[in-house]
Amino acid sequence: MMTKGRIEAFTDGVLAIIITIMVLELKVPHGGAFEDLKPLLPVFGSYVLSFIYLAIYWNNHHHMMQTVKHVTGSILWANMHLLFWLSLVPFVTGWMGENHFTEASVFLYGLVLLFAAFAYFILQSTIIKSHGKDSILAKALGNDLKGKATPILYILAIISAFYSIWISGAIFILVVIIWLIPDSRIEKALKNNQ
Amino acid sequence: MMTKGRIEAFTDGVLAIIITIMVLELKVPHGGAFEDLKPLLPVFGSYVLSFIYLAIYWNNHHHMMQTVKHVTGSILWANMHLLFWLSLVPFVTGWMGENHFTEASVFLYGLVLLFAAFAYFILQSTIIKSHGKDSILAKALGNDLKGKATPILYILAIISAFYSIWISGAIFILVVIIWLIPDSRIEKALKNNQ
Amino acid sequence: MMTKGRIEAFTDGVLAIIITIMVLELKVPHGGAFEDLKPLLPVFGSYVLSFIYLAIYWNNHHHMMQTVKHVTGSILWANMHLLFWLSLVPFVTGWMGENHFTEASVFLYGLVLLFAAFAYFILQSTIIKSHGKDSILAKALGNDLKGKATPILYILAIISAFYSIWISGAIFILVVIIWLIPDSRIEKALKNNQ
Amino acid sequence: MMTKGRIEAFTDGVLAIIITIMVLELKVPHGGAFEDLKPLLPVFGSYVLSFIYLAIYWNNHHHMMQTVKHVTGSILWANMHLLFWLSLVPFVTGWMGENHFTEASVFLYGLVLLFAAFAYFILQSTIIKSHGKDSILAKALGNDLKGKATPILYILAIISAFYSIWISGAIFILVVIIWLIPDSRIEKALKNNQ
């Protein structure tokens, strides 16, 4: 009924802006020597991490939307819900970076990622519900181990923040690695379906 | 004559930016503990409200544009006029949030929403005028109770601001609920027309 | 050879961002009463003026691109050149508004508009050059009185800034009115060509 | 398999935002006289330079993508990698401009451009790898003298920063000139292939 072109365009726009305004947290220092950049290093580190997270989201969203044939009102709202949580990423990234990874900031960073992961799961389920259990997406995901493991890892990272932010950090990087490994489930399913 | 692709793309772009730069009002606090976030709670609350409002606008705009067959100069300008009022949402959201919902800020927030509602109504009427009374949009809207009730509710919220900002707040949330209830008028009309 | 889709999309993106980040110059005041908004009134006034200018540019660009059949390297660069001058509009708008329309700021505002008008003229000429004198755009423009009068008006506004900023302001508004009057030259030419 | 529409749209969005938020580094001065603009001149100069660099990137990206027939996961990530380095351009531009071209800031500016050039080269190689040595892009590039000379020039500019920032500046402008000279290799290759 509805075309998916505009939901893709709007999502692309929001993600492009989110990924770019994060750079604004890298505030230009007043001094012009290399040592003036030192205080920015943690902000830069958290920027790199969030950039990769958002790139993974865009990538997965891109793949998932290719299996979508019709867009319903529920899919529109599930997508908006995902964008809401992702829109908070620049704030938590900046807070974590500028305060040198305090417990509270690492906790909040993990919490926003956790809610974004839930929102992605809801969007995925909404698409499957409206396209049927035999749809390309449903088949491609199978038992969706990665999708199920991710929120559990985030919860571990959130709890770890109160003991050691290094464990949290290691878990965040682990999630990145899991998702960076090429995931060809949807590509294969699309091919089989042709 | 003119294609609607570019008016959709431009509107998507502006709405995506408006919705995202609102986050910039959530200024990263200098302290890194949970209590440093407390002063941000009202800003966050007004952000959530405005995010939902803008998401509703995007959603309705998306649906309305699907009924559009040709774009005239008047439609372009009516659309620009709507974008103008929506572009003020980040400012009034920030002012209301940072000043903990003072009378004046709640009044101005309601006023900008009221003008945006008028602008949407003008855009809708312009589309119907150029597409005829038997057009899909005209049929889909019917007597358009929701569209007519909304400005009245905003006017009530604006007046209430001088007595109790809680009443204003309740009305703002009421409007959100009215519009979040799935509105399948246009989807049905599009279906019947196929 | 090259499709015009991407040049349109990129221009839409840049214009959408320029029009929206101008709002960021409307800095949220610290007080929450109506009188705290007073210092913002000149900034708001210059925002409204620039919003309309940019909307006119988008509108004209939209119409002009509809006559374009192939995109050459020269058209790409002429378009980038236009975007460069338009990208300076938020800065001069903010400077003029925050300094309550000093001579220097009104002068610079007019100068940037003048260069943008030249850039638009160059883009238009580049398109006509590559599409021929019998092209839709060439026919639609005719002797292009409006296009030729605009830079002259801007030059008058710039010079007037040193005598009276009220004259400059009146000229800026005059240019807006000239361009807001529906200009159906291109629409007619497109129709005749079908 | 995957359509290239969304990768183009996302890249356009990110580049449009990067190019536009650079203007935010041109902070509106408090005074309203011409001499209040003087401290902004170096910021403006670095803005112009970076605007042209980003315009060249957009232009080349536009041309390169026209030769792309299918988008793989590797191309998506190579593109994201390029966007990452380009997203740092506003920061290094602001730092260099606000600190009046100190050695360190010119060095970092060159370094970010160097990494962006490498990222572009990787993206180009990834596209050629997936499209074959007889692909349009591979033929169009030939021995790709320009592509190979650029990183070498950046390295020279980076080293020169410690001796004289004027040499670095001259090299940066040289690279701009090399790339501004119309490069019709891809256009020709596309034509021959039709």
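Letters A, B, C and D mark the chains in the order given here, with residues in each chain numbered from 1 onward.
Everything that follows uses one rule, which is that contacts are C-beta pairs under 8 Å (C-beta built on N, C-alpha and C of every residue); 3 or more make two chains touch, one makes a residue touch a chain.
For clarity, every value in this text was computed on a predicted model and none was experimentally measured.
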item: Homomeric contact chain A-chain D: same or different residue positions, threshold half; value: different
item: Farthest chain relative to chain C (centres taken as mean CA coordinates); value: A
item: Length of the line joining the C-alpha centres of chain A and chain B, rounded to whole Å; value: 26
item: Averaged-CA centre spacing for the pair chain D and chain B, given as whole angstrom; value: 37
item: Multi-partner residues of chain B (at least 2 other chains); value: 9, 13, 16-17, 21, 24
item: Contacting residues of chain A [partner chain D, same complex]; value: 8-9, 12-13, 15-17, 19-21, 23-24, 26, 28-34, 36-37, 48, 51, 55, 58-59, 62-63, 66, 182, 184, 187, 190-191
item: Of all residues in chain C, those that touch chain D in their complex; value: 1-3, 6-7, 9-10, 13-14, 16-18, 21, 24-25, 73, 76-77, 80, 83-84, 87-88, 90-91, 94-95, 98-100, 102, 104-105, 108
